[in-house]
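First chain A sits with chain B, and in the next complex the same chain sits with chain C.
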Partner chain A sequence: MGNWERLVWNQRDVLLAGFVVTVEVCAIAFAAAIIGGLMLCLMRLYVPPLRLVAIVLIEFFRDTPIFVQLMWVAYVWPEVFGFPNSFFNAGWLALALQSSGYLAETFRAGIEAVPSGQREAAFSAGMSQAQTFTRIVVPQVALATAPSIVNQFTVIVKSSTLISVITVPDLMSQSQKLVNVWYEPIEILTATAAIYIAFVFAISLAGKLLADRLRQRYGLAAS
Partner chain B sequence: MSDVLKQSLDLSIFWEYRAILLQGLIFNVLVFVCSASVALSVGLGAALLRVNRFWPMRWIGTLHVEVFRNAPDYIMLVWVHFVLPLLIGLLIRRRVEFHPFVSAVTALGLVYSGYFAEAFRAGIQAIPQGNLDAGRAFGMSERLILWRITLPQVVRRMLPEALNLFISMFKATTIVSLIAVPDLMYNVSMVIQQEMRPLPLYTGAALTYFLIIFALSSGVRVFGERWRRKILA
Partner chain C sequence: MRVFAPKPSVPISMSDVPSIRIAGIHKSFGPLEVLRGVSFDVHRGSVVSVIGASGSGKSTLLRCVNYLETPNAGEIYIDGEPLGTCVDARGQSRPRSLGEINTMRRELGVVFQQFNLWPHMTVLGNVIEAPIRVRKVSRKEAVEYGEECLRRVKLLDKADEYPARLSGGQQQRAAIARALAMRPKAMLFDEATSSLDPELTDEVLGVMRELAADGTTMIVVTHEMNFAHEVSDRVIFLHQGLIEEEGPPADLFGAPKSERLRQFLSKYRK
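So, the complex of A and B:
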């Protein structure tokens, strides 16, 4: 047990600092992914001239491995587009791009699941298109897709371990630094793995509870 | 700006190194095939534990699934490569080291065995009790029932989802370059170190993976829809 105390408990500040960076990157990436996914989805459904662009972007983000995308955003984008200007920004941007592709498809499925009769009913009740969208479509889509959105957050957390490769000081990278100092990987890496597993487990548990609550309260089949 | 863009889209250097990059891609496929077999067999084992009659078995199965489904694949890769050999070494009192390829296959296989276990379990639990009772009434052993009655139906039912999992697995094989398995990404970074031209090489790698995975997932989408219609009909 002495090793655990020396290598993990006494290094808790270092690990905690890393964990904070992980949470920060994931939170920013998650928020950006929801906005990006929404924009891609709306472009695909409601802006015919941009439809093809949206489809190509969605498919590209979804069908490129996150590690490849990360390297591409971190090393090619700054030269071509002038941003991201730091590895921290490249990290969350790559995570957000990937997830925005998945979320766009989630939102689309949610929107298309709203029966067209409801839209027609809203129209004949005198609602404008914008009103129909915000009052009839959005609440139902938000409820139905909430569990998948939470699930996407766990994907972001899992993929975020890779940003240590581009030297962002997240939990993974902090623990690897400790391993390089002490040359004793057993305790440090096991503890790191346990932290990640517990964190992801907690998020998906929260997602499950949320889905159950929504189902009970609004009688919606949350899947 | 347009100059840089042109440079990053000038994939001739990518083409120049095609032989070594193709070799890397073959490694991706190798890692994928091996770890998919590990994931399928370990996943089936875990699923059978989860539907076992005895609760300690069920408990172990659930623990397996929850641990590996919630573990990021990169930390598992690092853990299997650097910690597992030490633990085995402590156990048998001998120095053990894993070849990177072995670590890659083990780590990816374990992580995805959690997902496959859930797919298997859903399929197993969907089998009507009457099917099993009928098998028993014919005097079939439990093992024979598993092979002749349960599994054929489970495989039919889980096929579309399994194909999607295979695609995720293939995407995940790109991270094995981080423990020096010479896959496509590893060879790309080697060439970049020599040529100092990351733009066309990373762009080329991204496009290559995109084209492969896009083709695969479009195929799976079409096939999955047809398959479901056939199964449900």
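So, the complex of A and C:
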């Protein structure tokens, strides 16, 4: 147990600092991905002139490997667009872009899955298009897609390990630094893997509990 | 292209104005002509049942009555006022905007075959939603009247349940309460019992009978011949998008004139 104490427990501050950065990057990326995904989805469904733009962006974000996107945002964007101004910002932005493509499609599927009778019942009662969308469609989409949205958070967490490549001091980056100092990868990397597993498992569990609760309460076929 | 039906003759007094006038409704889906000129009046407090085989255009007709489907020609009048068109400041007739149609269609309560309750709201939430958002009544007032509507359909004890927890019959009664809560001028029933078991059908038909007895103006598209026979003031038999025969239920069911209606009814007597 000596190695575990020396390499992991005694280095817990370093690992914890890395974990905090991981959580920060993932949380910001997740929030940005939801906003971006919503905008792309609404553009695709309801703004005909921008539909093609939305489709191209969604496909681009989904079809490019996350590593390529990360490099592209970190090294090309600052030259071409003048931002992001730090690797931290490049990290969450690249993660958010890719997830926004996936979430846009999740939202679209959710909107299209609301039966037409739901809208017709609202229109028949004299509700406007806007009222029908905000009061009838959006809550049902949110309920039906909540588990998928939570799942996308786990994808972000797992992808986030790549940002260590652009020198963001996340958990993976900190753990590699420790390995390079001690040349003892077994305990450090195993501990790192355990932290990621625990984090992702906790998120998945929260998603599953949410899905069960929604199914039980609203009888919705949560995906 | 939309062809507008001529205005109905000027009524002498309000009591002569039918609650709903269906005037020369045509509706096609692509090459398929579903309605080929259907006209009839529904007077205040009366119940009109529309019967006919599947594909005869019954449901399409009902959907045209509140403009869920826009008729290709013809017009719907609610208390004498055209639903799809209005006269602008220069005296020109023009199609109503979607917002204006929404304002008009709140006067018609619709009950669908598939209930279409909003699953993310409780039963009471379903009932008070449109009165609060559309009629702009206070929440307190909406809840009070909503509970009265639920009492009418004998569902007050389920007010706080979500639709998924209700049986089909209960869901349909909740949907009836939701429509009633808007204090509509007339209720439209689109095969309201077709997706229910016989046992559940009876509880919904029971509520509909009570509404009819209370003097609710109703158009009922139905396969329930007993209901049409006993409750209606007038029965319309649709065949291939046209009214084949119409009249009081005793005449239609007792002495059908058309061969097609005789054939149609014989299937139900077997």
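We take it that the second predicted complex is superposed on the first by the 223 of 223 C-alpha atoms of A that agree within 3 Å, B and C clash if a C-alpha of one lies under 4 Å from a C-alpha of the other, contacts with A are read in each partner's own complex, and residues count from 1 in each chain.
Rule of thumb we're sticking to: contacts are C-beta pairs under 8 Å (C-beta built on N, C-alpha and C of every residue); 3 or more make two chains touch, one makes a residue touch a chain.
Just so you know, these numbers come straight off a predicted model, no measurement behind them.
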Self-check item: Partner chain(s) touched by A:143 [first = chain B, second = chain C, both, neither]
Solution: second
Quiz prompt | Touching partner for A:2 - first (chain B), second (chain C), both, neither | solution = neither
Exercise. Applying the touch criterion given at the start, work out whether A:161 contacts chain B, chain C, both or neither, answering first, second, both or neither.
Key: first
Exercise. Please indicate which partner A:131 is in contact with in the superposed arrangement: first for chain B, second for chain C, both, or neither.
Key: second
Quiz prompt | Larger contact residue set on chain A - chain B or chain C | solution = B
Exercise. Identify the partner contact of A:120: answer first if only chain B is touched, second if only chain C is, both if each is, neither if none is.
Key: second
Exercise. Give one of first, second, both or neither to describe whether A:49 is in contact with chain B, with chain C, with both, or with none.
Key: neither
Quiz item: Where on chain A do the contacts from chain B and from chain C line up?
Solution: none
Exercise. Enumerate the contact residues on chain C facing chain A in the complex.
Key: 66, 68, 98-99, 102-103, 105-106, 108-110, 112, 114, 116-120, 129-130, 133-135, 162-165, 175, 178-179, 182
Quiz item: Which residues of chain A touch chain C in their complex?
Solution: 115, 117-118, 120-129, 131, 135-136, 139-140, 143, 217-220
Exercise. Spell out the part of chain B that touches chain A in their complex, as residue ranges.
Key: 1, 4-5, 8, 66-67, 70-76, 78-79, 82-83, 86-87, 171-175, 177-178, 185, 198-199, 202-203, 205-206, 209-210, 213-214, 217
Quiz item: Touching chain B in the complex: which residues of chain A?
Solution: 59-60, 62-69, 71-72, 75-76, 79-80, 154, 157-162, 164-165, 172, 176, 179, 185-186, 189-190, 192-193, 196-197, 200-201, 204
